[in-house]
Amino acid sequence: MEQLYQQVILDHSKARSGEGELDSPHGASFQVNPTCGDECTVQVSLEGQRLAQLAWSGKGCSISQASLSLMYEMVDGEPLEQAEQLGETFRELIHNRGHELTPEKMELLEDLSAFTGVGRYSARVKCALLGWMALREALAQARHHTGASGQPPQTQA
Amino acid sequence: MEQLYQQVILDHSKARSGEGELDSPHGASFQVNPTCGDECTVQVSLEGQRLAQLAWSGKGCSISQASLSLMYEMVDGEPLEQAEQLGETFRELIHNRGHELTPEKMELLEDLSAFTGVGRYSARVKCALLGWMALREALAQARHHTGASGQPPQTQA
Amino acid sequence: MTDLLDLAGDFPLLSRTVREGKPLVYLDTGATSQKPGQVLDAERAFNERHNAAVHRGAHQIAEEATEAFESARSAVAAFVGADFGEIVWTKNATEALNLVSHGFLNASLGRGGADAARFKLAPGDEIVVTELEHHANLVPWQELAAKTGAKLRWIPVTPEGRLDLEQLSVITDRTRVVAFTHASNVTGAVTEVAPVVERAKSVGAYTVLDACQSAAHMPVDLHDLGVDFAAFSGHKMLGPTGVGALYGREELLQALPPFLTGGSMVEVVTMEETTFMPPPQRFEAGTQMVAQTVGMHAAVDYLSAVGMERLAAHEDHMGQLLLEGLAEVPGVRLLGPTSSAQRLAVIAFDVPGVHPHDVGQVLDDQGIAVRVGHHCAQPVHRRFGVHASTRASAGVYTTTADVEAFVKGLHQVVKFFA
Amino acid sequence: MTDLLDLAGDFPLLSRTVREGKPLVYLDTGATSQKPGQVLDAERAFNERHNAAVHRGAHQIAEEATEAFESARSAVAAFVGADFGEIVWTKNATEALNLVSHGFLNASLGRGGADAARFKLAPGDEIVVTELEHHANLVPWQELAAKTGAKLRWIPVTPEGRLDLEQLSVITDRTRVVAFTHASNVTGAVTEVAPVVERAKSVGAYTVLDACQSAAHMPVDLHDLGVDFAAFSGHKMLGPTGVGALYGREELLQALPPFLTGGSMVEVVTMEETTFMPPPQRFEAGTQMVAQTVGMHAAVDYLSAVGMERLAAHEDHMGQLLLEGLAEVPGVRLLGPTSSAQRLAVIAFDVPGVHPHDVGQVLDDQGIAVRVGHHCAQPVHRRFGVHASTRASAGVYTTTADVEAFVKGLHQVVKFFA
């Protein structure tokens, strides 16, 4: 249990950094985890190739809420490409059935590496990724809206 | 095989006594055996409490055709009650899984006793009874039509 | 003292371990039951000896398969107090409920001739459901309403999680159908059927009972209950997945237009048109789940051998222990009646501040299998002001040791997330 | 010389005897296939170890059940040349075909929003089927036509029992759907799919392929065939009863409105309305036939291990022997192509003057199981001027001894009724 519920996860599930709403987002996405009905909305606005602002709201388990909170901390204000790459790496980690990725990738993930254990529980994979699915869709929408160049990467959920 | 296909069955399946059509029947019934799509129509007209005339048409296997042909020979012109009782006894025989009924009943059945073996083959039960189901419905209709008294017996198919 | 049952040994899955060697404590029977060896053996024996196309072949195995299939129908009919011809096989209860709602739809679209006119719905008509329903007995009626222009109304739920029988005035002269659950898969509340049926009859509405939870956990006699239609699933009552049944009063099945169409439910087919067989065949299109009906036959035989009264008493006892244990855990909120009277051993609850997923995970880590989420019943969760819950549900094989492990586990949960 | 297979030993039922000790000669695979021990073992192992509610639980067994269920989907998808998300579980092929026809109906009734508008039918539109169809791919389209006002038309059949590809002009600009069989369960004819798909595409019509017989007896690659939808059944391809599948091109499944509604296919449910999940879940309402999907997984694994090319070559050889044997029996009339090219080992015939029931009975008496009747395809029988026929059909386990017994038995039939 302690391996799954790392302290950073428990902390972030309460801290909920970045919870809120944007006034006029460029992109937004609402996602539901049909297993449990958990929901989240992620909103983004861009400035050129930068994810200028992110806000989220949602209800869900500690894993999903912590994932959103940490996502906010790590991608808000960052270059789009970096945010998207982080998302891909995080997806890879969660699909890795509880095993770590290469040291370089684990370093890139910083605190998100606390989610390594989630991959052992296939029913929780969606919890960890729900916010990131919303981010991907919101960014795709925002790019479309603002005409920001670059394709959002097309990969597995 | 010889037990199932008694000579009287093979003969009647070719003889087809009573095949034809009535001009203005008091009752008629069309029945389908959904297993094989076999069909038959039985028409009757009454005179008081007597089954004055019966005619049938149909396509089907030797069992079903012989059953119709013998039915014609045994009930045409007979009192309604007798025809209906014969039908009930025949039904009982066919549902008896290949065993004979009491000697009295077997006697009542006359040539129809050749169908005893059919009861061993549950898939053929419907073949043997198709015409008799049609007779029952046709008679019920005819009674209703002509106001002939007496209730058609309500029993299992 | 209740005569406690000791049947876990009949259920092979219950002897397995999970999460690195922990004995399994299975408290998710409300979702799906485990199957006794007797059921698995019956299915296998059928497949090894009697498997063939039903109602079709002239050969011996086809005859045997047909007899096995129809004798399963007759056993299941007897088990729920119905006649042979009143039971239609479906793949699950959900299909059974859809079969009824689509029967009404087809009648409304002009199918089924004069006989089916009684099932026609149009704007001005109303369909009544309840706030307690599983999605399976809600969404099909929403769809029917949307397609016919009928209006959907519903009976509310009391703070205890029961149908509010004071509110039966929702059923009016406009009501054509009343669809309601016999037992809630969230609150465990068992519905008092009589007043609902009485009210529905008094306005000429048809009744559709979701007997999914009840048929598995208490004696059910559908003729006594007097409903028009009812649905239940094999996998909830020790039977295989992939088989369920619709009950319909004979006279109604005679008049209801078919739903799925195809082979084995037709009489005469030309390119232009088709005539249909009488029920139950009219509703059984295509090759049926024959081996699974044989398994379901074995399941109702097993249940009958145990005796549904004894089973209910055993589960009632387990329910009481679960309720008592839950009451000991600080802060935990029960969603449903607090006493085991008129209630199944289906115990849903909220641990404030801890999401059900996290509750379930910590229990799972101790080998305890419960259900978390909305249990396919979002409205009743909304009624209780929560989004999801954790649910422990007992079965004929549940033991006091299972309950003790669960209560201990729940204390652990509260401690972990404190 | 074909590499003949020798697999009967894998199939427990084939070693039984019938009619007082006669070895069973099973030539009714076209109706339903027998199942190898591998399939029965896989299903049983699932039930004994991994049975739980799928897509719902947080506990270990529920995770395992979900993985088993979804990995079966992926195996079946690969087997028919489809993508994972393009396979929807159904109880049989009939349900799969109804799912598509009801998707069109629901769209026509205004369900499914703007996305579904492409599936709307109205008077003036046409649906094209063929005279060769099994009732499962005919009656649902008759129903759809009756409910939407669309007109049903059909492609005729050649004297040999093949789709008449000279008559594809039946498909016109008015055609919205073309539903046709990949292989006839009566004549055995395998359809040349490309010209039909090409013609349908050229007029913007959707194609629906009945792959029930083909998927079980020859390599099938649905992407290569380019059809929009396809249906098949587990029980015909060595798998369990109670499971089948719909294939739909991803883009189309995304747009098609749901059919059965209930649990596990919804996102947000209020009393007033419901939003639905993406495919394939949108089409999988209620508890699924999970154990049966696991059995079907084992079946396609078995078939793949044999190799569908080898299986087809083996069955082709059996088909040739059956055709040769039949030709020797005086007076017997074949309903279907006389050569085994582009044809399955499904051999229907008429013995003039002897009703199929009687043919079947005399064969059965010798332990030979064949199918008699209209085989759920009345129109093609009418086309041949007969009411019913006798059909022998081979499978992967059929041996030359089976064929010899059959031919000998048929001589017996002719003698008996001479």
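Order of writing sets the chain letters: A, B, C and D. Residues in each chain are counted from 1.
Keep in mind that, in the parts below, a residue touches a chain if its C-beta (ideal position, glycine included) is under 8 Å from a C-beta of that chain, and two chains touch if they have at least 3 such contacts.
Composition by chain, UniProt nomenclature: A, B = SUF system NifU family Fe-S cluster assembly protein; C, D = Cysteine desulfurase.
On a predicted model such as this, the values are computed, not experimentally measured, just so you know.
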item	value
Centroid-based (C-alpha) most distant chain relative to chain D (Cysteine desulfurase)	A
Pair joined by the larger number of C-beta contacts - A-C, B-C	A-C
Whole-Å separation of chain centres (CA-atom averages), chain C (Cysteine desulfurase) against chain D (Cysteine desulfurase)	30
Chain A-chain C (Cysteine desulfurase) separation of Cα centroids, rounded to whole Å	38
Interchain centroid distance [CA atoms averaged], chain A/chain D (Cysteine desulfurase), Å	44
Chain C (Cysteine desulfurase): positions in contact with at least two other chains	56-59, 62, 264, 266, 268, 357, 361, 372-373, 378
Interface hub residues of chain B, defined as touching at least two other chains	35, 37, 121, 124
Touch list for chain C (Cysteine desulfurase) against partner chain D (Cysteine desulfurase), complex	12-13, 16, 18-19, 24, 26, 28, 31-32, 34-35, 40, 43-44, 47-53, 56-62, 91-95, 97-98, 106, 109-111, 129, 131, 134-140, 142-143, 146-147, 152, 154, 233, 235, 240-243, 260-264, 266, 268-274, 285-292, 357, 360-361, 363-364, 368-373, 376, 378-379, 382
Chain A residues within the chain C (Cysteine desulfurase) interface of the complex	1, 4-5, 10, 35-38, 59-63, 121, 124, 127
Residues of chain C (Cysteine desulfurase) that touch chain B when the two form their complex	55-59, 62-63, 66-67, 264, 266-268, 277, 281
Interface residues, chain B side, partner chain C (Cysteine desulfurase) - complex	32, 34-35, 37, 39, 121-124
Parts of chain C (Cysteine desulfurase) lying in touch with chain A, wherever the complex brings them together	355-358, 361-362, 365, 372-374, 378, 381, 387-388, 416-417
